[in-house]
Structures are given as structure tokens and as C-alpha cells.
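So that we are looking at the same thing, I have put the structure below in C-alpha cells.
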Amino acid sequence: MANSKYEYVRQFERENRLLPDIWLVVRIDGQGFHKFSAAHNFEKPNDIRALQLMNHCAQKVFDHIADIRLAYGESDEYSFVFRKNSTYYNRRECKLISSVVSLFTSCYVLYWSQYFPDQALKYPPSFDGRVVCYPCDKHLRDYLNWRQVDCHINNLYNTTFWALVKSGKTETEAEETLRGTFSADKNEILFSQFGTNYNNLPPIFRKGSIILQDFVEVESNDKHGNPVVKRKKKTVVIHEDLIKQKFWNQRSFLLDP
Amino acid sequence: MANSKYEYVRQFERENRLLPDIWLVVRIDGQGFHKFSAAHNFEKPNDIRALQLMNHCAQKVFDHIADIRLAYGESDEYSFVFRKNSTYYNRRECKLISSVVSLFTSCYVLYWSQYFPDQALKYPPSFDGRVVCYPCDKHLRDYLNWRQVDCHINNLYNTTFWALVKSGKTETEAEETLRGTFSADKNEILFSQFGTNYNNLPPIFRKGSIILQDFVEVESNDKHGNPVVKRKKKTVVIHEDLIKQKFWNQRSFLLDP
Amino acid sequence: MANSKYEYVRQFERENRLLPDIWLVVRIDGQGFHKFSAAHNFEKPNDIRALQLMNHCAQKVFDHIADIRLAYGESDEYSFVFRKNSTYYNRRECKLISSVVSLFTSCYVLYWSQYFPDQALKYPPSFDGRVVCYPCDKHLRDYLNWRQVDCHINNLYNTTFWALVKSGKTETEAEETLRGTFSADKNEILFSQFGTNYNNLPPIFRKGSIILQDFVEVESNDKHGNPVVKRKKKTVVIHEDLIKQKFWNQRSFLLDP
Amino acid sequence: MANSKYEYVRQFERENRLLPDIWLVVRIDGQGFHKFSAAHNFEKPNDIRALQLMNHCAQKVFDHIADIRLAYGESDEYSFVFRKNSTYYNRRECKLISSVVSLFTSCYVLYWSQYFPDQALKYPPSFDGRVVCYPCDKHLRDYLNWRQVDCHINNLYNTTFWALVKSGKTETEAEETLRGTFSADKNEILFSQFGTNYNNLPPIFRKGSIILQDFVEVESNDKHGNPVVKRKKKTVVIHEDLIKQKFWNQRSFLLDP
């Protein structure tokens, strides 16, 4: 239909098909989430409800698009790793970005009330997206390492910052206290002033969230009523250190083409 | 922060900056809306609530992004025309697409209950997006003409098809009746069999929806209590024929750089 | 042929098709021509043989590719303007660039001896190329204006610089003399110190070279032996001011789609 | 200089920087070489002078651009492999293509008379170029395999075809004889009808040409006049089978990043 004399304008459409056989990472980021989190009273330094909502949405995207091998999230961002030889939407850049960003946003609004039952959304939140190509496994792992290091550095800073503020300092004073400090300094402040051992904080805050299909042990009964344990593939959300080689040794399938 | 040894992976990011001084049209489309409209019992051939929800979302996007000069919507799609010399997000393709598609989706879910108070969303709807560059005013107008002709052709077909089905034909029979027919034939079927004058149907169905800033007459009282009429710029949603030159003569500002 | 199991590697090839209905300008530039011109004893500030060789090559390219509407050259660069609706090589960027740059280079070496009969090429000269898209006639004209202004500014500087050097100054002294001077100052130096009226210098140096098809008057005899003058289209190389409106008024066909 | 009000037109220039850390292959192809080889009386099925001229040009390009790791040529085409982490011209696509294609063309014309001393060029030859990105070593090797298989298939066909023609068949008859034949059939025709063992033909025809830096043994005398053999790195042109693993085992440096 619409086979009109105006249809020639379709010739102006351009498609960027991303290279075949290369890792694709779609990363989405909250737009203006500094303001959004303030307007919706997110707890500082981390709001567990907001993180769980992010994980819920990411899991929906993960389950919807079979070609996503792994997802990693921290704060208001999430990265989705498509397998190297995915042909999802023929690897068209705009389709990949807009599909992921739209479905994620849709879930964020739809499932908001499950995590924030006491307050309605004051205005529509939104996310932007991009896709990055990584030729080798090493690049992909370094990308994920980069995001997990980012999570750690931000979280350590924010945890210390808000501890100082909650203890009575102004935000400006807290900033000055932390200027030029190293990780060890912040750990020390947390421990000596607030009795907090940073490494005992919840892993979701320190490590971010990883979504993947993993084998889990499922217990059931056999026909004689005896308990049996089976290994079954299931989408899981975990909060491990993915920088270590061990993580990948245990899940070699992640890097299979 | 996150100035780690892994940060080199940012070098793999690519930005496509669209040519300066050229019309940009971001078009979003519902993904799988055939299934979505069935699952949510949209009325056939047109569901006025669904169209008004689309218009609500598009108006939010229009008001949020000052560089959008005009928007045109029909069915489950909407086109947003950015002024030629817009530097929104430095004309970065991914940012433009993801921002529009995400905000639109967010609004769709957030305002859903205003238009469908009786039924909750069964699953998260999503949209994809693209951006197209048009060098000249003629191309831009032909693009909009293309979409409005598409609206007309689809609506005339669907109106006749559903009239036949509601009158007792099966969907297959209705399809066969319409195969190979011209517009005049469908108009004739509607008039002779169903007493419907197609041109009297609501313009929102026949012409789609146009969002723009227009001068409207606002009535108020002066300090003596006498009624005065002022012309004020305001976002409006109209359902006119934009193929005709008259539409553009009345709004020459639309094509200003 | 070569339908082997390795042929899948073609899937990695990417084509950038430039937008339809937009001006395309392919510009080529000599690579390392500072060194090349020194090695081949080009006269300073302008070597008429080198410029005529450039024009010869550009005319070959112009005549070979029917879709080139106009070419403009100065120094060791040449710009080729393809008509807006050209479908040459399906507007594939790499094909456009490599075809023009290769044919130009080939001519440069092949016709070298016609302009430099006394010296052989010491090593193979080369050019690089790019293509730029200009949506509107105004952009295209401003592009050409930009290059012609560049020609003028460089030529005025070089003419004055080499006059100073030839009169006995060192190159460093000449540079210092010219630092911070305006056009009027350089004109004055040329006139007062060297008796040179800049505007009387050959137009090829001051204005560069323009290649186009123009109507020229061709004289012949009719069957009675009487002289007749006919207007005929012919490729010409001219050295006019293309910034002035008059240039375009006389050749309105240049901007026709 | 040329800092004029027209300089804004530079904003329309676009650069495509190819992904980092990925193999780049620039391939050039003769344009219209069917006609060119006929016009210059190339011998059939292979003209050794033409192939050696190609190799001469390719070696000049290889020696000029340090980042080229290997080059492979057959017939009127040549592929240049840049090392994965090359930053030549900042990996700008147009610069890479135009530099290689221009230098190659320049050499072709400049060195023509060394290989064809008896006939001048009738018109300027030209080449087009493209660049292709290959993420993994496997892709790169399969690319080279693809070209070498192409060389073999074409050469076997052409060798048989021209043997038939030289023996008295018309070109049409030769074509018909070869239609649908497999390699074994063509080998058999060559052997039984023309006493030619295909595998004894010169490797340059059967395998194409590979340019690389290899260790060669150089004989000289030490200070006592005794002959010594040293291994030295040198650009060489070889005609080996690069599909076999052995080729790469002997030259593992080729795939080093």
C-alpha cells in the first residue's frame, strides 16, 4: 500500500549494518537521572528498590531477545552483550538500539509500582542508548571490567560521601574531605569513623548485577518420592566479580561464538 | 572517575553525526502492534483511545524537544521533524533516535490508563525508531505527503474491510471483495452498502494528526471586564490536509531554517 | 567463479551510499607536494607548467565522467562537483573517491613530460581524496567561494613572500616582514617595492582554474563560403571570479538539478 | 589562512574512522582492464610483464607504508593487509583508500616503460579501491584464501580456454567445451590434448604473488675473506600456497598484533 508518487523519499533512508562476527554491546543510560532520583526520593548512596527495578527490566529484555548472552548493570545504566554471530534485526544499528531502549523504558514504567508502591511516577523517565562493536573476546571482557571498576569506584566514593553527610557534614565539606583520596583512604574513613567494613556491604552495591543463563540445581521428587537434584538452565541475576578469570572459567559458554 | 586501564575500550565507540543544515525526521513505529492491538481489544478499524494516547505521547515529546518543528502521526507510528539547523545532541544519530523512542515509550505506558481505564497493560509495548535526512523542503514535504497518503489508503481499506466483516462476511471474503479495487470502488461500497459517506468520517481517521505550534485566539477580559481576543502561540493537534499548498501558506514559519 | 567456502568474507564489505539529490564534491590534494615541488624545481611562487599539468589532468577527469558539472583547481588541489542527482557508481563513496583520485594521478604521470620535458619524475607523486555532501546550492557556492578565497590569500602571500626573498631577504626575514599584515599591506609592498600591480598578475594565479562546459562561438564557412558563427558547447578552462553572482547568472545551467 | 566567512562549509566534511584493533585490507582493482589489456596487447592467458609491473607497484606501496604487513596480488588486483593496530592516517577510511590507490596508479604509469618498453600507454589506466575490516585472524586468512582460490580457478579456466583457442577453436566453441567442467576435467584437457601438466606452470600464474618482509640468507665475506651467511630481513615477492598452515607456521610474525 501507499505506493504513491511520494514513495521515492524512502531512498533517503540509510541503514548501518554492523560488521558480522563481532561482539555487540548495547548500553542504555538513564537521562537526567540525577534529577529523576531526587524527584523520586531515591535513597543514598544506593536505592535497592531502584536497582531491583533496573534488574527486573533488564531481565525482561534479556529473556525477550534470545541473542543476548549476558547483561551487566550498575546505577542507572545497563549493558547488553549480543553474541558475536547474532543476526538480530540483521545487525541494523538503529533497530538494535531502539528496540532495547524502548523495551527497557516500557518495563521501567510498567513495573515501577512493584518497587515503589508508595509513590507514583512524577514524570516519564527516559534512557538513551548506543551500540559498540568489540572485535575480540579480550575487548569484550575489558569492556565489562571497565564497567565493574566504574561501579566499584563510584560506589566506594558515594558510600563514604553519604556516610560523612549523614554524620553531620555538609555536602561541600564531604567533597573536600574526599578530594584526592585513594581507595584505601576511603576504606579507612568508613572503618574508623563509621565502623563499616566496605567489603561486607551488599555485593549488588559493590559489584553491580550480572544477568545470564546459568545451570542451577533444582530439587524435586522422583516417582518413588525420593528427593532428586537436577541441573537446569535458568536466567539468574548475580553479583560476582567478573574481572577474575575464575568467573569465565566457570562459564566458558559465555564466550562461545 | 573510572579512569582505569580498561578505559581504552571507549575508543571503539563510534558516533554518526548527521549532516548539518538538513531536515531530520525521526520516525517511530510500534513493534508487533498487530498482536498488541488484538491483545488489548483495540476497536476496528480505528480505536480513538489508542490514537489519542499516541497524540498525547507525541505532544509530550514535541513539548520536551524545542527543536521539533512538526510531528505527524497515524496508526501506531509518529514522525518528528527537527528544524534544519538543529544542534540537538550535536545531531548524533543514536542519541536522537534513542531519546525520542524512549520518551515516547515512557509516555505510552505512563498515560495508558488515562485512555484505557478499564484494562491494564498485558505486557510492555515497544517502538523502534530511525532517523532520515532530507536535504530540501520539497523532500520534507513529500515525506509528509507520503505518510498522509499512506494514512488515507490504509484507512479507506480498513474502513471498508471492517464494514464488510461487521456485516457478516468472513475476513477472507472481505479480502476477496476488496482485491484489485480502487479508491472509488471502496467509496462506492461504503456508500451503497453501508450508507457511509467516507468524507464525513472523523478527520483524525482520514488525515492523521499533525502537531505544531500555532497561533490560537484566546479570549479573556480586559481590566474593564470587556471581552478581548488575543493571538497566542500554542501547541495544537490538528487533522488537516498537509498535501495542499494552502496548509504551508498559512504556516510559512514551518519551513524557516 | 571463486564460489569457494571462503567467499563468506565478502559479508564484511561495507558500502557507504551517499544521500540522493545532494551536491557531491570530490576534492583531491597532492600528498607531500611541498617536498615534491622542491624536488622537481617548481618555480616560485607559481609554476605555470605545474598548474597547466593540473588543469590537463582535471580536464581529462571532467571529460571522462559526464556527471561532473564543474571543477575548480588551485595549487596542488582540485575539486570536482557532481550534479545533485548523479547516480555515478550508485553514489558509493569509495568508488567515487578512488576513481577520481586514480584517474587524476594516472594523468599526472602520463602527461608530466608534456609540461616538464626537461626533467623526468624523480619518484611517483600521489594525491589523496575525499568527498563532501552539500545539501543546498548556497552550500555548494560557499564551498567554491571558500576555495577561491583560499587561492587568493595564499597567492597574495606567496607572491609577496617570494618577491622579498628574490630581492635579497632570507626566508625568515620575509616571514617576519609579512607577519600580521593585511591584504592591503601586501598589495602596497608589491607595488611600492617591486612595481607590481597585483591585479595585473595572470588570473590563473589569482583566481585559480574553473573547468566547465560552456558555449563558445565557433567560426566556419557556410556552403556559399560566407563566414558564419555558431554557438557550440565545449569544455573550457577559465580563470574568473566565481564568487560574484554574475558568474552564475551567465551559467544558470550549472545549478540545474 | 583562508579563514573566511565561507569556511563553515568544512562542517559538512565527514570522517569514517575504522574500528581500532581490527585487520584492515585495502584492495585495489583495475578499472576496465578487459579493454585496457586488449588495447595494450597483453598476452593470453597471462602476461608476465603485466604481472611483474603489478608486483613492482605493489612493492613500492609495501615499502612506502610501514604498517602494511603483507600484500597479495593476482591478475589486475592487489590486496594490502595493514596490521591490526595500525594508526596510519588515524584509520580514516578515505585517506587509506585514496593514498594506496593513488600511489599504486602513479607507479603503474611511471614504471610502465620498464615492462613494456616497446609500446607507450595509449590512455591513462586507473584503479578503484575499497577497504574491508576483519575482526579475527581467521577472517583475514580466509580472505587471503578466497583470493588465492580465485586466482587458481580463473587461471585454470583461462589457461585451458586459451589453449583451446590457440589450437584452432573459436572463443565460443572454447566456452562451450568448458561449460560445466570441473577442475579435474580442465587438468585432463590440458594434459591429454596439449601435453601440459598444469602443476608445472609457473607459480606466479597459479598462486599469485605475495609480498612480505622475510628473512633471507645473505652471503658475504668476513674480515678474513671467509664466506659467511647472515639472515637479514628483506622485502620479498613469493608465489607460495598461503592456504596451508605451513605458510603461517614459518612466518608467525605476520599475525602478531
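Order as written gives the chain letters A, B, C and D; numbering starts at 1 within each chain.
The rule is short, and it goes like this: contacts are C-beta pairs under 8 Å (C-beta built on N, C-alpha and C of every residue); 3 or more make two chains touch, one makes a residue touch a chain.
On a predicted model such as this, the values are computed, not experimentally measured, just so you know.
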Could you run down the chains that neighbour chain C and chain D together?
A, B
More than half of A-D's contact pairs recur, by residue number, in one of B-C, C-D or A-B. Which one?
B-C
Measuring centre to centre with C-alpha atoms, which chain is farthest from chain B?
D
If you average the Cα atoms of chain A and of chain B to get two centres, how far apart are those centres in Å?
32
Rounded Å distance, chain B centre to chain C centre (Cα mean):
47
For the pair chain B and chain D, the C-alpha centroid-to-centroid distance in angstrom is 54
Do you know which chain A residues sit against two or more other chains?
12, 14, 19, 21, 133, 139
Given the complex with chain C, which residues does chain A contribute to the contact?
11-12, 14, 17, 19-21
Footprint of chain A on chain B - complex, ascending
1-2, 4, 6-10, 12-14, 16, 28, 31, 60, 93-95, 97-99, 101-103, 105-110, 121, 124-134, 139, 142-143, 145-146, 149-150, 153-154, 157
In the complex of these two chains, what residues of chain C are touching chain B?
19, 21-22, 133, 135-136, 139
